[in-house]
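Labels for the chains are A, B, C, D and E, by order of writing; each one numbers its residues from 1.
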Amino acid sequence: MSIVNSQADKIKEISGSNPLKCMKCGKCSASCPSFNEMDIKPHQFVSYVQNEDIQSLVESKSLWKCLSCFACIERCPRNVQPGKLIDAARQIVVRQKGQDYLKADEIPELIDPETPQQLLVSAFRRYRR
Amino acid sequence: MQRIGVFVCHCGSNIAATVDVKKVAEWALKEPGVVHAEDYPYMCSEAGQSKIQAAIKEKNLTGVVVCSCSPRMHETTFREAAERAGINPYMVEIANIREHCSWIHKDMEEATKKAVILMRAAVAKVNLNTPLKPGESRVTKRALVIGGGIAGIQTALDIAEAGYKVDIVEKTPSIGGRMSQLDKTFPTLDCSACILTPKMVEVNKHENVNIYTYSEVEKVSGFVGDFTVDIRKKARSVDMDKCTGCGVCQEKCPSKKTPSEFNRALNTRTAIYTPFAQAIPNVPVIDREACIKFKTGKCGICEKVCQAGAIKYDQEDEIITEKYGAIVVATGFDMIKLDNYDEYAYSQSKDVITSLELERIMNAAGPTKGHLERLSDGKAPKEMVFIQCVGSRCSDDRGKSYCSKICCMYTAKHAMLIRDKYPDVNVTVFYIDVRTPGKNFDEFYRRAVEDYGVNYIKGQVGKVIPQPDGKLLVRGVDLIDNKQILKEADMVVLAAAIEPNKDVRKIATMLTASIDTNNFLTEAHAKLRPVESPTAGIFLSGVCQGPKDIPETVSQAGAAAVKAIGLLAKDKLMTNPCTAKPDELMCNGCSQCANVCPYGAISYEVKEINDHGVRETRRVASVNSALCQGCGACTVTCPSGAMDLQGFSNRQILAEVDAICR
Amino acid sequence: MKYSYYPGCTLKNKAKDLDAYARASARALGFELEEIENWQCCGGVYPLGSDEIASKLSSVRALNEAKEKGQDLVTLCSACHHVIKRVNDDMKNVEDIRTKANNYMQLDEPYAGETKVLHFLEVLRDEIGFDKLKEKVVNPLTGKKIGAYYGCLLLRPGKILEFDNPENPKILEDFIRAIGAEPVIYPYRNECCGGYISLKEKDMAKNMCNNIVDSADGFGAEMLITACPLCMYNLKKSTDEKLPVKYFTELLAEALGVKEEVDKA
Amino acid sequence: MQELIARAKELLADGTVARVIGWKAGDLPYNPEPAYFEKEEDFDDFVYNSFCGANLSKLMIEACKLEGKTLVCLKPCDTYSFNQLLTEHRVDRDKAYIIGVGCKGKLDIERIKKQGIKGIKSIKGAEITDDAETLTIDTLYGEKTCAFKDAMLERCHVCKGKEHKIYDEIIGESKDTKDAERFAEVEKIEAMSPEEKFAFFQKELSKCIRCNACRNACPACSCRKCVFDSTKFDSQQKANVDSFEEKMFHIIRAFHVAGRCTDCGECSRVCPQGIPLHLFNRKFIKDIDELYGEYQAGEEVVERGPLTSYTFEDAEPGIVAERG
Amino acid sequence: MSIEANEEFKPKIVAFCCNWCSYAGADLAGSSRLGYPADVKIIRVPCSCRVNPMFILRAFEKGADGVILCGCHPGDCHYSTGNFYARRRMTMLFSMLDYIGVENGRTRVEWVSAAEGVKFSTTMNEFVEKIHSLGKNVRLGDLRCRN
């Protein structure tokens, strides 16, 4: 109980967002370009944090599909900003040792001569500690 | 020395659960002047009041302190009870130990301590209270209704029927308001014009009603029973007495490009115009900004074609000053601007419209003569999508925090009407919740779903994407299926939030009526006085007070009328005796107090003053207690402290300060 | 007029020419970009966590250097702009971050968001003026139908970026008009191209980029312009260049007649 | 001075005025005091020199109640006070005959004494006709000198100008003696830390003996009955009232004249303890100037002062904290 | 000031509220159960313009640690203009208190409408917190003419 609690609190703290403000309108999911790739949808993210089911979130594929495009953040009528919750869950994962989603040895095969530095830098930031 | 009784109310458990009422009563007995203290479960009840009255008689009390709810609730109750027992009502003070204490504190010890201090402050004040006698002021038997929509019309009719004179001031050229723009009304699908126009005619011909259209309230002074109002009658440029309403001028007017306000700018109107066919009065106005004659000096066609000779280019604004006993605000609402909601492509596509625009499209007198068609290409739509809660229920700073209340129902209405008239058109509604609290409302909504096959999808729309072929791709979510939905639509209708009329702030300021953060006028009590403003003599009718549908608006309009009638029926009003009073011995006659008095209640007279045997003729302030409303601005301005406020005297307030800081 | 300039990683390496076009154009328009000394990478993405401090310090350094010089800070890449502008907002408005960052930095005078951050496009719009730009154009791109691609980072969150209307922007369209071409407005111009996801989820990026390019194509665009090197890469890479994609500075340099001198150098 | 006396006698003689308010010589060479002159022989004591700092306008409140007109001698800065009294209907213009007397700066004997000059027998250079830069002082210990400027009253260093704002006639020439910034002292205090400010005022105010000289001299403090002497602001616990007054006296006094104080400096001039009381008033003047627009009380007769008017856009009280 | 001392410190706070807006706002805070510390005691006045600077000075002299004045929003005064005068008077008074070295956080003016129960409660919470951070008011009580 206390561990679960502290993780939910951690997510709220990192994201600075209050899931209780959500009125469950679904505008986040209606705006999300990655919706179809996600197993837990943006609006569900909010409910999961509310319900303190953090384990499901950290195991979710969605963490790595979110583009941080801020569409949900821009349009959320209740200032819940699901994108921030997703990023906070991602932070919880990558801050644990060895949990990086992007491993150094897989990089060479992912890049081509034109790959801009920006792409690597950004991916590193989002995927790794 | 006063003989004070302290009465501590439990308010059931409202107070007693957090404040040790017995202890408050116990402590009260230690205060100077207190000769009696008791507690009782409901002080405001008949039995509670009797206890106060009995104590007054038995113990010869000269003052009373009731520790209870806010004085805004029961000060009058207790003062009247005390008066019936033979002491001056203004010898009673309330210590607010409910709203300001028991309801906001959790710790019993802390709350009890605070309650004791609040009691002490009230006792300290009562020790310095003096009996006060209210004066009288007259009531002008005429009411003013600001706004000529259905709310204003109904209020005016009801007041007029009771036999009092009423003036309606309407900003636009015709009465009728928003309701006149509607096509049909829920939940019975009556034709809006069919039920509204008879009322418009009735109010227009009523002998007790006088209507100023194309007019605005410019200045308000005075107070309950005796308001003085300046009304600006804007120049119509048409003589109302001569015009026959034949309409030739409008046919011939060459300036035809002004967006029609009535049709929500979906089409245009002429410079000389009546907003709609059933307008009352049926007298056009010239829009001087659009009129060629006014812009260039050339033209004058309307004048030439008018056989009645009613066109008056040189007409000027007129200021009418009138006295009123009561004022009813019925300024209504508008839809919010959708500038902040570009994700719905309102400004990018003509086929994304608001619900009010749809009303005009559906209306036979509207821009498409009642044919449902796309404004971009005139084609009949096959797929229509309605989006709910656009700008309502938002806690970001883009929209409004409240529910606009009418959208769920009018959307069901639109969906039903479209399915009825155009069975081949598919209608989809994206909603968050469907809210239908009202008689026959939910049944109405269910009919839309069950009988008319309207497709309701629980979930919002994220974006409306105009396509190259003119279609609108709607990307929404179905929260029940947990799927993102891409739907091609021909038209998208946005249920934009409603907001109070833009002018309401200005009007509220003139009336000194309070207004909330959403610009809705505040009622005197949210539950018990919902049609009165906290400012005496000001009443609220319709959406200016909060979102409402037509039946609610009409009920409230009637209620506001009854309240106004109740006021007008009185010949005299008791005035607040808490007025300013100068000590002539101290007054310098410096005029500073008169400078800050908002009511012009202070004048100066040169008179002989006898200061302990020394006679002197000099200038001193004098307060007209019928005009003074008791704000106290003068008391602070007075350098010598000669001016004091009865009921809130310097000594009384300082005694409270001392008691609190003791 | 002199501005502090933060070029960012990509425009100093893989896309050097795009930076050179910007500088040459600036000269032609009468302002100068003074590169921040020893700037460090902004990190590419803004760290959303409210407890992130260290990852924001490189931005604070750049911002503080501009402050010390008394100059506005100009960025050219949308990602850098996004990160630096938001860090600046944090430094201005979030006391906790400001205090901690200043504690790390040990500056002579604490930094509190004083610097004004401008995207190169904002300089064109707000400082030079598109009318003025139009006058300076020597090779108008007359007849070219260009779709502006905004992406996410320039626009959102609108409250902080304050760049343009996030749902219906017009700055790039105005830019396109100023250089003599014809803007094509299409609804996908502010939809995400996939961003960094294209590194690992190539199919997702492909799908998104195709939506964008198809939408632009459908409305008659002959070319797309971007203000972000990563968007440009994704749009090119994931759509087999159905439509040519250019950086706005290249077209600017062309219109101002300075492209050749850059290409030669 | 002789011209002034001659004219005053003339106006008395022809019945234009019934009395004259001026200054008469005191027992020392430097302490003339305000006086009424009704008969020709009274003028033997009449004096007008650089020690006549006293502002006579306040005396007109009572004088206006007397039969006939009263001639009053007002220096340029005194006329501001008179205008302010007119604004507040405390004096009657028709009952006053104002002779604007010339002024080239007034002297502060304390400043002379502070320079170690003691046992003063007479002072040369203080006569108003002189344009002396230097005062020559004959003392028990021989002749001493002192620069006129160094002996001037504080208020003369921030002189409001040589113009009389209201008068019937002017006798003698005046000089603008301003050589310091009016708000410099106030700014110095504003720049202090709260602790320093408090220490400063506590030290100064601790000297106060509540002699009421400041209140009695102040032309704005002219209430028939002072709020401090009334029971209007006391509660039942009369004992406490004294300490309230004691502690808050100077703040309340300054507040009562805020927006009405012409900055005539009488309060500081008359304070036997040398407390710079004008610093309170001048702080209000500075705030009013900064927040509500420049305003000089008594510049002319107006209807409303800064604290009896307002604008919608006025600064919020929070500005006090914001500006630090 | 140490944390321990803060815990024991129970500030005395006087809140003057105008009858029409702020007192009603306080009532709304009460009926909405929006709590704030019991240190705040409200005195009802008809209008913010009724509050004489003397009242505030008196409160401080009697040991108050903070005084707050609440009235209708500018332009919404029940008496049209009262709060405008109050605003100037309080600005002057606060400036003077600041000038003599009283911490300016001890005085505050806030405009609270009858509909702003939330604002009333938030304001009081903030104000009490501020007074806690300033600690006990010693200065004004000590400002004597005579030692």
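Keep this in mind: a contact is a pair of C-beta atoms (placed from the backbone, for glycine too) under 8 Å apart; a residue touches a chain by one contact, two chains touch by 3 or more.
The structure displayed is predicted, hence computed values, not measured ones.
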Checklist entry - What chains do chain A and chain B have as common neighbours? => result C
Item to check | Per Cα centroids, the chain farthest from chain B | outcome: D
Checklist outcome for this item: Top of the farthest list for chain A, CA-centroid basis, is D
Checklist entry - Between chain A and chain C, what is the gap in Å from one C-alpha centre to the other? => result 25
Checklist entry - How big is the gap, in whole Å, between where the Cα atoms of chain A centre and where those of chain D centre? => result 73
Checklist entry - Which integer distance in Å separates the CA centroid of chain A from that of chain E? => result 45
Checklist entry - Centre to centre, by mean C-alpha position, how many angstrom separate chain B and chain D? => result 54
Checklist outcome for this item: So chain E residues touching two or more other chains come to 53-54, 58, 62, 75, 81, 85, 89
Checklist outcome for this item: Check: chain D positions touching at least 2 other chains come out as 227, 233, 240, 307-308
Next on the checklist: Residues touching two or more other chains, restricted to chain A: which are they?
Outcome noted: 71
Checklist outcome for this item: Pairs of chains in contact here are A-B, A-C, B-C, B-D, B-E, D-E
Item to check | chain B contact footprint on chain C (complex, rising order) | outcome: 159, 165-168, 185-188, 215, 218-220
Checklist entry - chain C touches which residues of chain A in the complex? => result 13-16, 33-34, 37, 64-65, 67-71, 73-74, 83-84, 87-88, 91, 101-102, 110-112, 114-127
Next on the checklist: Applying the document's contact rule, which stretches of chain D touch chain B when the two form their complex?
Outcome noted: 65, 88-90, 222-227, 230-237, 240, 256-257, 260, 303-305, 307-309
Checklist outcome for this item: The answer for chain D against chain E in the complex is residues 189-190, 192, 194-202, 205-206, 208-210, 227, 233, 240, 243-244, 246-252, 254-255, 258, 280, 283-284, 287-288, 291-292, 306-308, 310-312, 314-321
Checklist entry - Hey, which residues of chain B end up touching chain A in the complex? => result 343, 389, 393-396, 398-399, 432, 458-463, 475-477, 479, 482, 484-485
